[in-house]
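These notes concern the structure reproduced below.
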Amino acid sequence: MIADLVIHNGTVVSPEMAIAASVAIKDGKILALGAAQAMPQAGEILDARGLHVLPGAIDVHVHFRDPGYAHKEDFATGTAAAAFGGVTTVFDMPNTIPPTGTGEILREKHARAAASAHVDFGLYGLLGEDTIEHVPALIDGGVIGFKLYMGNTFGNIPSPSTGAMLEAFEVVAATGKRISLHAETASIMARREARMAAAGRRDPLAHLAARPALVAIEAVSRAALLAEWTGARIHILHISSADELRPLAEAKARGIDITGETCPHYLMLSAADYARFGGIIRVNPPVREARHQEPLWRALADGTVDMIATDHAPHSPEEKTRNDIWSVDCGFPGVETQMPLMLTEAAKGRFSICDYVRWSASNPAHAWGLYPRKGVIAPGSDADIVIYDPAAQQVLSAASHHMNVDYSAYEGMEIIGRVDTVLSRGRVVIDAGEYHGATGHGRFLHRETCQYLS
Amino acid sequence: MIADLVIHNGTVVSPEMAIAASVAIKDGKILALGAAQAMPQAGEILDARGLHVLPGAIDVHVHFRDPGYAHKEDFATGTAAAAFGGVTTVFDMPNTIPPTGTGEILREKHARAAASAHVDFGLYGLLGEDTIEHVPALIDGGVIGFKLYMGNTFGNIPSPSTGAMLEAFEVVAATGKRISLHAETASIMARREARMAAAGRRDPLAHLAARPALVAIEAVSRAALLAEWTGARIHILHISSADELRPLAEAKARGIDITGETCPHYLMLSAADYARFGGIIRVNPPVREARHQEPLWRALADGTVDMIATDHAPHSPEEKTRNDIWSVDCGFPGVETQMPLMLTEAAKGRFSICDYVRWSASNPAHAWGLYPRKGVIAPGSDADIVIYDPAAQQVLSAASHHMNVDYSAYEGMEIIGRVDTVLSRGRVVIDAGEYHGATGHGRFLHRETCQYLS
Amino acid sequence: MIADLVIHNGTVVSPEMAIAASVAIKDGKILALGAAQAMPQAGEILDARGLHVLPGAIDVHVHFRDPGYAHKEDFATGTAAAAFGGVTTVFDMPNTIPPTGTGEILREKHARAAASAHVDFGLYGLLGEDTIEHVPALIDGGVIGFKLYMGNTFGNIPSPSTGAMLEAFEVVAATGKRISLHAETASIMARREARMAAAGRRDPLAHLAARPALVAIEAVSRAALLAEWTGARIHILHISSADELRPLAEAKARGIDITGETCPHYLMLSAADYARFGGIIRVNPPVREARHQEPLWRALADGTVDMIATDHAPHSPEEKTRNDIWSVDCGFPGVETQMPLMLTEAAKGRFSICDYVRWSASNPAHAWGLYPRKGVIAPGSDADIVIYDPAAQQVLSAASHHMNVDYSAYEGMEIIGRVDTVLSRGRVVIDAGEYHGATGHGRFLHRETCQYLS
Amino acid sequence: MIADLVIHNGTVVSPEMAIAASVAIKDGKILALGAAQAMPQAGEILDARGLHVLPGAIDVHVHFRDPGYAHKEDFATGTAAAAFGGVTTVFDMPNTIPPTGTGEILREKHARAAASAHVDFGLYGLLGEDTIEHVPALIDGGVIGFKLYMGNTFGNIPSPSTGAMLEAFEVVAATGKRISLHAETASIMARREARMAAAGRRDPLAHLAARPALVAIEAVSRAALLAEWTGARIHILHISSADELRPLAEAKARGIDITGETCPHYLMLSAADYARFGGIIRVNPPVREARHQEPLWRALADGTVDMIATDHAPHSPEEKTRNDIWSVDCGFPGVETQMPLMLTEAAKGRFSICDYVRWSASNPAHAWGLYPRKGVIAPGSDADIVIYDPAAQQVLSAASHHMNVDYSAYEGMEIIGRVDTVLSRGRVVIDAGEYHGATGHGRFLHRETCQYLS
């Protein structure tokens, strides 16, 4: 047999080990793993001498704004930026227009995304106040999981009541799908914002002041309790504070199936950055005081927080630079910069590259039942692979990134390492930093439970 | 000096001890405590040979329905029934008409109650969604504390949002007043009731099914977190389930100033009683499965639950006996039967009479800052005293009680012991079971902090 | 009736309250408590205007060295010093010569002590490696409880093995007596001391270095586990470190009947004092780094530590001032200085005088079943009373104290307040700071369980 | 390149997945893993159709009795039996004659074992009361870790004091080696046995009665505390009771590097089996009441207990069948039966085969720093492989096993599955159940830390 492609001489990384091995690929899947001499002939050879060979990152939290907000981003620009960043699987959020809350809307979004995606993707279905009836159709349509907003304070997606959440958890629990939660308490924030606005506050720090960590603690605690009571699997999105780690850890200790993510901006930005970036870094939950960073790093290390996601949420430059912080859109892009940012910290010795693979690939794959199809370099797995050059140096900048905005919250940051080559199901989509992918290559992922041999 | 009255030969009980001692009274206060021979001359002598001399019970949770629902109960009938039951201090709830939510309404209620009360009383102020502005006037008016409904699912008192609760807690924390909470999650119950009603359920057990213990766990957990964040002192009303004991105990372990009460009906009635009593025992939270009783008793014993209150909540017989459980009014009377019910259990050996005094008198007095004016038989304290005959036998019945309804949830229950004599500030209001009190004798209690000598 | 004595105009203190009241006494017991006008005629009147009237302190941990070490202290000098310090009950330790380990030895010690004691006393029996057979005789002889040395590293009282402890706990549990534990791990200390001595260390700090807090943690944890398994009641003597508070608190949370004491020297002295006092303050466990003090104060406040005792342990000046720290005898006196030291802290606002009464009198009385005979000023209780002048000022000094040594670890310390008058069972033993007691007045206390009315 | 051997068509199992893959082997190591068509040519082909391909089990707890007790077992018979049982790595205990307590003795044992071993092996060094001086030589000699007996009640290896343990932990902590603990409290057991023997008990259940779970709780708690204080890595051998799981879980939650094993006999035998097997199943800790089994299974599932080991401890039939239980030698063989016993439970659905690989191979390899050399089937790893037939059926019996005794505690037990083929570093030592190995093939393992790429 002749393989399509063999990667030679690299260091193949999993959460458990980093070993010298070659990787052979055929028909979009890993064909074999082993010594170079044992590999079959191949149509194409990549030399990864001195490079790391990682499973592509799975970003379970992106907003590609499509349909409805194409001026911010669309599925084509978003998935291309993901590929540049070593992200080979994305889960897109349902707060598009219309929200992904019915089977029909999901089908339309699926068709649209499939036509333009550069990498594989899953789509979230929306759980709202009175949308339980749509759960079966959304599952039939193949949602990767559900999103529930406990903390939306504006817009067209109101936060459901605790009673509605309970019913939604009961129904979804029976399906085995995971519910991802924006865990902030809407009513606290809405009132605080109103008070601060009434008092004339318009500055960026007002946004932080309106969202004390209490809102996260309260929402995580409540969600964990509902999960315990119903058996639902839940995921806490964008953990931003030291304070919410206690209820998260206690929930895990009680045996609740709860996972959590944090985002690079909570680890690497802090309140001091508002002075430089202003509304650019307005995001929910807010970038917080620097004291939260070390506890978040420790929580990743000890497993309280399971994974890294980006909450990639682009808005147009105009939407991010208004004078009144309350009128600045929340969120900013990040799908492309996660891997370089995190692996710079690994290079500095904060954690091992094995840890990174656990947080960026294998844990997300396990939590959504994609493992071992995704999240690992093993025979039979999808050949979603990143070849990473740990010795390269670069400077992050809006001038060079591929996300659809001309600003960056990491402008000027010095990075150790570089995404050199990216394969999506065996196809080289990034080669020496150049793009070789194609719209429509990305495929829709239905949730699967393939952890154990049937 | 000549005392007004001396009680000789009884056993005087406090949480710490039960000792043979006489009690001398003058001008409504305890004058002295000691050996009979050491007592001063007295205008009146009571012989308490073989009897227990207890501080009068403090019932921190009664609904006397006045003004607004006089057909159910009024302050005169309610406080008279309290006196018959050995209860010499009551705290009345604010869900009268209009709700006790402003200084002006409080003054009117105060005047009305003062004119008719047979025993001392405190009045709660209401905390609602947007009532923070009234807190100062309510405090000026002398509220004993505040009541906040997290679990009202009908009527004119909607449950405030978590955001409004947080603001209320912040404001009240600065005053040192305690906030009493109906800790059930309204939105869960409202939706469950609607679903069950839509499904045709009209039977009494449907009421229980609509209020799983989850609603109490959730509300207690959330309230404790808000108290922790703000420093507010809180009190959990009518603890009904084994499940809410964990969050309560954890809150205490974290140093939160949280107290809790349970009611006789959660200790002595169970789901099996719906067959006999039907809507009569519809109450919020509901009378639950028998498995909850032992954990509640243990929680009293170990201090997780601090006190006994009654949630005395009378409705007319017609209001309690409708065929459709959803149209039956919630609550039933109990202010008169608490002491006999509890002391029957003491007589059977479940706990000591010292424990009872802790739960019924000293702990409530401490929690609301009334100690040692109330809640203890000590020199200088108000002479609120019950002489209890532990050897008497009686049978509870609507035919013989003094509460303003002709039904009883304890109809036919055999009781060991009897309230023989009751003094309210030195005045004998019950003598050998006969009434000698007067409307207007009861006085309004402002919260005071007198634990320590100034 | 004519009382023997009435104390007028003072402030009578209990853990729950401090009230203006007079106290009448007859035949060694409290006759009545109340308003001055209500008190009976009396043979003697004490005016306590401006003074505090406290229950006499109960010191559950003293070494009066009698018989066997009369050059250090004897029962007469020790109990007289106790009286001067407001201590009206002492529990004497069994490491006299011969150790109090058999019924016969106890009887002899009892007779000797009764002949000379100035205040009431209890005697501990010794639990050793193979002394279980003597437990019944010791109980018949009236021991107040047992002492078990987990941490003796020299002398004639070896520390029993864990196996022997378990058997002792099983036997004593059945009697209801409390076992007081010197909770340090002997084998760790013995080896550390040997290593340090071999390395030439002879300085006072070497003693601290040889006894890391680990020895206390280990011993407390092990003792708590044995108590949990056997149902034995235990008491942890001389808690000296922040570290042992966690196992103590966890044991209480698990429902184990465990109490604990700390001593003034752990609250008020620290490692810095070795420079001034040298071997004078060599004691087991050692005076530790200052960082332990605040956690110990907090543990008293929150109830993790139950009481104050002194571990009064005098040695002759010669025995305390040898150059080689390993040859300096361990322990120093303190029975007389506890109350002034602690009440100075109360005067400075660290805690209330009610707290002090709980730690010094009512908690010890409860723990050993003496309450309400001891530990409280209530009708029928023993008239063990201290009249304390909170406004006086004094300076502690070996020149003025009454303990049998010419050194003081508190030399020169400024004290707010003064023990003015002390009554032991109604007899004035200290009057305006002058001694009026008599040897042989003190009585032997058998453990009693009188908390509840029979 | 031509591989030495390829295993085709099997299901390759790791803790994370079970995948269809072929495995190529060369020079004793895994050469490649992947699709059959991608494998290189091979000198030998094994067909594993329908079979599981597992990493060989690592048994961290065997007693091969050599030198000193060759009549019980020797290294040749023990390692051969291990191979028959799918165990390709063993750690041998130091209680041979003389005990493995010095560098010289270790070298002699190493030489002797290397000459006869059929599979790879590590050797434990002994930690005793005064053996710290030998630690460096033992480490130079290549011990895999240390063994410390907290619970030896007879023989030539006394249990060290807590003080000696602390010193040993301090010294070993600096080396990074793991200390394996027989965690029972010797003094409790010695006294209980003496009492029971004195009372005439000679029956097998007396052995259980003499060793209550308390001894395990106490010892685990104490060891964890010493590990916390010193930073030593520890391993709790032969966890036998539900009770010791709490201190173990608490220690893990406090961040202590503590691992634990249980043995098949605690999961599959219970007190009821003494009636049939008598002294045959006398072992330390004892086979306990059946109520302990479910908690132990849950602890494996939730990770409180990390692994399965056997405590393989053969004695001659005569030594196991004496009438007096106190004279029966403790322990019985099990190295050969672990895998069939456990995988029968997997076949019945109690856990997955992935779980089994975690407990039997990858967790032991991680804990002793052997991963990924051992414990996983990955390129570059030692080719220690078991081909297991999950569909076979067999009956366990002393008549057919290869351990050096003629009794079995599992006599007659029906097994689902069979060890078909075993490779030790690429050499087929068992083929279709037949032996093909050789003495001296097994190699001595020095501890290595190879988890992360250097």
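Residue numbering begins at 1 within each chain, and the chains themselves are lettered A, B, C and D in the order written.
We adopt the following convention: a contact is a pair of C-beta atoms (placed from the backbone, for glycine too) under 8 Å apart; a residue touches a chain by one contact, two chains touch by 3 or more.
Bear in mind that the values here come from a model prediction, so they are computed numbers and not experimental data.
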| item | value |
| --- | --- |
| CA centroid of chain A to CA centroid of chain D, Å | 42 |
| Intercentroid distance (Cα basis), chain D paired with chain C, Å | 52 |
| Separation of mean Cα positions, chain C and chain A [Å, integer] | 62 |
| Chain C, residues touching no fewer than two other chains | none |
| Graph class of chain-chain contacts, one of line, ring, star, complete, other | ring |
| Pairs of chains, among all present, that meet the touch criterion | A-B, A-D, B-C, C-D |
| Touching residues on chain D, where the partner in the complex is chain C | 161-164, 166-167, 185-192, 212, 214, 217-218, 221-222, 225-226, 229 |
| List of chain B residues in touch with chain C within their complex | 1, 3, 11, 16-21, 24, 26, 30-35, 37-40, 253, 255, 302, 352-354, 362, 371-372, 376, 378-380, 451-453 |
